[in-house]
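Below you'll find the structures, each written out as structure tokens.
In the two assemblies presented below, chain A is common to both, partnered first by chain B and then by chain C.
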Partner chain A sequence: MIELSELFDEDAYSLGGDEKSAVICDHLALLSEHHYAHCPEYRSICDAFGADTAKRISHVSEFHCLPVRLFKHYELKSILGDSNVKTLTSSGTTSQQVSKIFIDKQTSQYQTKALSCIMRSYLGPKRLPMIILDSEAVLKNRQMFSARGGGILGMSNFGRKHLYLFDENMRIKHEALEEFLDKHAETPIFLFGFTFMIWLHLIKELEKTGKTLNIKSATLIHSGGWKKLESEKVDNSMFRQRISAATGIERIFNFYGMVEQMGSVYMECEQGYFHASVFSEIIVRDPLTGEALEFGKNGVIETLSILPHSYPGHAILTEDQGVIHGQDDCRCGRKGTYFSILGRLPKAEIRGCSDTYES
Partner chain B sequence: MAVATPMNLSARYKVVCPLGSSIDSVVNSEPLGLFADETLQFVSELSYALMRDRRTADMPEVTALAFWMRKANVVNIKKGFDKPSECLRLPRGTAFHIAPSNVDTIFVYSMFLSLFCGNRNIVRISSTPNAQVDAILAVMNDIITKHPRIASSMIIVRYDHSEEVSAYFSSLCDVRMIWGGDETIGLIRKIPLPPRAKELTFADRFSIALLDADKFLNSDSATKHACVEGFYRDSYWFDQMACSSPRLVCWRSVDVQNVRRAQAEFWGRVENLLVEEGYSTAPAVAMDKLIAQCRFAVEATDPISVAKTSNLRLARVESKSVPLAFRESHCGGGLFLETHIESLTDVLHCIDQKVQTMSCFGISENEIKMFFAKHKPSGIDRVVKFGDALNFSEVWDGYNLLDELTRCIDVQIS
Partner chain C sequence: MEFDENKLRAVFAEALGIPEADVVPTLEYNTIPQWDSLAHMRLIAEIEDAFDIMIDSDDLIDMSSFAISIDIVRKYVDEA
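Up next is the complex of A and B:
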């Protein structure tokens, strides 16, 4: 079996076919047994569904997965002893309940190393001067990590000479920016931020004031939900166009990730598809039968990650819809499964005797 | 709380039936008699129209409502009420009905029972648009113009919940009917009523189904089919969200093997019927069911087991005991907890005050009567056959509504 430590030094997208699926299966089998032994809630669920975690599994779709919402209902963890644990929460802006994820030192290291391995494929081996499209104020509260703060800290490892572009009022620090760009005129730079923040505080702000930036040789990586942008009728291609127009940036990559599986993110490639790396796999399931669907069919996304040791987040059924386009043959040259996200599952209409008040 | 004047409140609610009517004209109208001819004529015309109208075709709950309102049934209700030896009955006066936002037809049942009793009616329905409600209102508005006496005895209004508007209507009423949600009841209860007024509340309830596994296995195919069809209707018509729809299924037999066999056949037939009926489950509902199954697994004190079904239109969970989470995190849409009992007495372990309806297959009336006489359970207000769980009745939640909606005059001069 190939150890995690060996994978961190390899290219995140060089393994394909049976070789990759063997790596994923080996690690997930160990994780399933580990969480079965150490997380009582995970064990109860596996028992109720008749999922045998000791069974030899031949296909990644056979691992029992947990619906992502369970992380909001329970504090799911598989932590031995009193190792140093930090709690990560989803930012919870749209729903009141937040996910709570327990990350110990080991899992945290895995996440950092995996993310670094993935980012190398997009940013190259050297750390680039970095602009963070957020305010440093977000990081102030270190006790309770929000996903936003965690995401920023995680990504800042891949850059140097960090500039937080926004002040505490989320206004662009134009002077600091000019200074930064002058200083690093000769090198490519790296920008990171959350999709909606970029839209609201960078693009719309520049458009409003009629200013443009010229940072053509930059790479922008962004993440976060599209929900608020959808309500403004902004999709990925419109987002890219408007960024390019306002800043000149052309290398723009979105990634699909979640607080429940930090580290093993799904990066968007030059062809516009999300890719599973060697640390992760993706399955699309029929929402009613649970059956794993063939490529090209729309369904509910399940994400698998071989990183989570301190909490049972190795196989998660999301509430996102998506479609897998293929495996190992994307024109971007990266191996692994590549896919698109087609938005959230539409909300259910609730009937029943028991509610007159809300409306 | 100060009662606001009607003038500045009328902008806060919308009169939806009869169009152009006002609260004043209803409150000042002469009460109708009990089961007045005019009322019976109106109800029967409305029943006929609802059965035939294009707007209400394909709405089974509206068809069921129209069926309940047909002349023969109303005559039956009247017969049950004519108790010659008892006291004289008169309308209470004005009834204020607060209907739930999500069972589309309950406001009509509530209002008509009250009309039968001769009361004036103010009916609050939710302002959330709803195809069923809109269709019923449209048909009602067509017909009511020909019935001025009825038109002046009722008014249906829509408003987003407002304590002031509800307080105003409450100040006018002699009986207030709150159709559910414990939370709603709690909030409305804080609004005072006139000293002589009374209140009927219909709290959150849950329902169960009880089958005798041996009787099911020994039934002929037609009987089994009727049993499953009835169960389908009870459970799936309101996506299992009506309080009378079963959520818990108790299988009775002393023989575990028979329970297994009966379950396999019963659920197999349910799954086939779901396909035949084209019952569809939205992906988000399927997800909710899956999450509910996981939550039972985590929160149950005894281990549970999730029974495999071919499709999440039907979701099953088997358990020795009945975990509380099963009710609290139930999402509807066809999610059933099952438990095996050896005798009717064991039902006691599965119920409490909150249980409303027990629909039965293969259990005799005699057994039920003995069960109630012997154990005096605090729950269960209705025992019906499979297929009848959703049938509205003038006896509901332990009340005889016709008695509750009338005043009893004691005359002792002979």
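Up next is the complex of A and C:
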């Protein structure tokens, strides 16, 4: 079995085919057993569904998955003893209840290393001068990590000379920006932010004031979902277009990730598809039967991650719809499964374990 | 430039806001409130300035104790 520590040093997208599924299956089998032994709620759910965590599983779709909303209703953790644990919460902007994720030192380290391995494929090993498209005020409350603050700090590892572009009122700090760009005129720079913040406080603001930036050699990585942008009728291609027009940036990568599975994010490639790395896998299921669907069919997305040790988040049924396009043969050259997200499931509730689980 | 462990200790103390006497090899990231992820960024920036080096992201992540940091910073200083 290939250990996690070995994977961190490799290219995140070099494993494909049976080799890749073996890695995912081996690790998920260990995680299932681990959580069955240490998380009473997870054990109850598996027992109620007759999921056998001890048997060798031959396909990634056979692992029992938890609906993502379970993390909003229960405090699920598999933490041995009194180790240093931080609680990560989703930002909770669109729903009242927030997910609570318990991350110990080991899992946190895995997440950091996996993310680094994934980002290397897009940014290279060197840390680039970095602009954070947010306000430093987000980090002020350190007691409770919000997903936003956690995301910013996680991505900060890949940059240096960090500039938080917005002041506490989310206004562009033009002077500081000019100074930063002058100083790093010769080097490629890296920008990171959340999609909606970028749209609202950078793009629309620049457009309104008629200003443009000229940072053609920059790479922008963004994440955070499209819910709020959908209401403004903005999709990925329009977002990209307007960014390019306002800033000159052409290397723009969105990523699909969630607070329930930090680290093993799904990065968008140059072809516009999300990719599973060696730390993750994706399955599309029929929303009615739960059956794993073949490539090309639309359904509900399940995300698998081999990183979560301190909480049972290794197999999660999301509330997003998507479609897998293929495996190992994307024109970007990266191996692994590649897919698109087709938005949220319609309001109808997913009837999963969360409704039957009562112990 | 010669690697100087005392200099690194001083940078740690300064960046984390702790006494130099507390900067011992076993000092570990995230075990004291002063050395959290935010402080880590500041620490790395100050180490880079003090030793005139640029640390790769993988090494930045690996610098999880003072002892490991000594090895990593020494490696960069020797290569420079």
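FYI, the second predicted complex is superposed on the first by the 348 of 359 C-alpha atoms of A that agree within 3 Å, B and C clash if a C-alpha of one lies under 4 Å from a C-alpha of the other, contacts with A are read in each partner's own complex, and residues count from 1 in each chain.
Everything below uses one rule, namely that a residue touches a chain if its C-beta (ideal position, glycine included) is under 8 Å from a C-beta of that chain, and two chains touch if they have at least 3 such contacts.
Since the structure is predicted, the reported quantities are computational estimates derived from the model, not experimental observations.
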Which of chain B and chain C A:Phe253 touches, first, second, both or neither: neither
A:Val300 touches, of chain B and chain C: first, second, both or neither? first
Chain B versus chain C as contact partner of A:Phe239, first or second or both or neither: neither
Which superposed partner A:Arg127 touches (first chain B, second chain C, both, neither): second
Which partner, chain B or chain C, touches more chain A residues: B
Touching partner for A:Tyr266 - first (chain B), second (chain C), both, neither: neither
Which of chain B and chain C A:Gly50 touches, first, second, both or neither: first
Contact residues common to both interfaces of chain A (with chain B and with chain C): none
Chain C partner contacts - residues on chain A that touch it in the complex: 84, 105, 108-109, 112-113, 116, 119-120, 125-127, 139, 142, 153-154, 156-158, 160-162
Residue numbers on chain A that touch chain B, as the complex places them: 41, 44-45, 47-50, 66-67, 69-70, 73-74, 287-290, 300, 317, 319, 321, 345-359
Contact set on chain C toward chain A in their complex: 30-31, 36-38, 41, 44-45, 48, 54-58, 60-61, 64
Touching residues on chain B, where the partner in the complex is chain A: 98-104, 106, 126-128, 160-161, 178-184, 187, 202, 204-205, 238-239, 241-243, 281-288, 290-291, 293-298, 300, 303-306, 308, 310-313, 317, 332-333
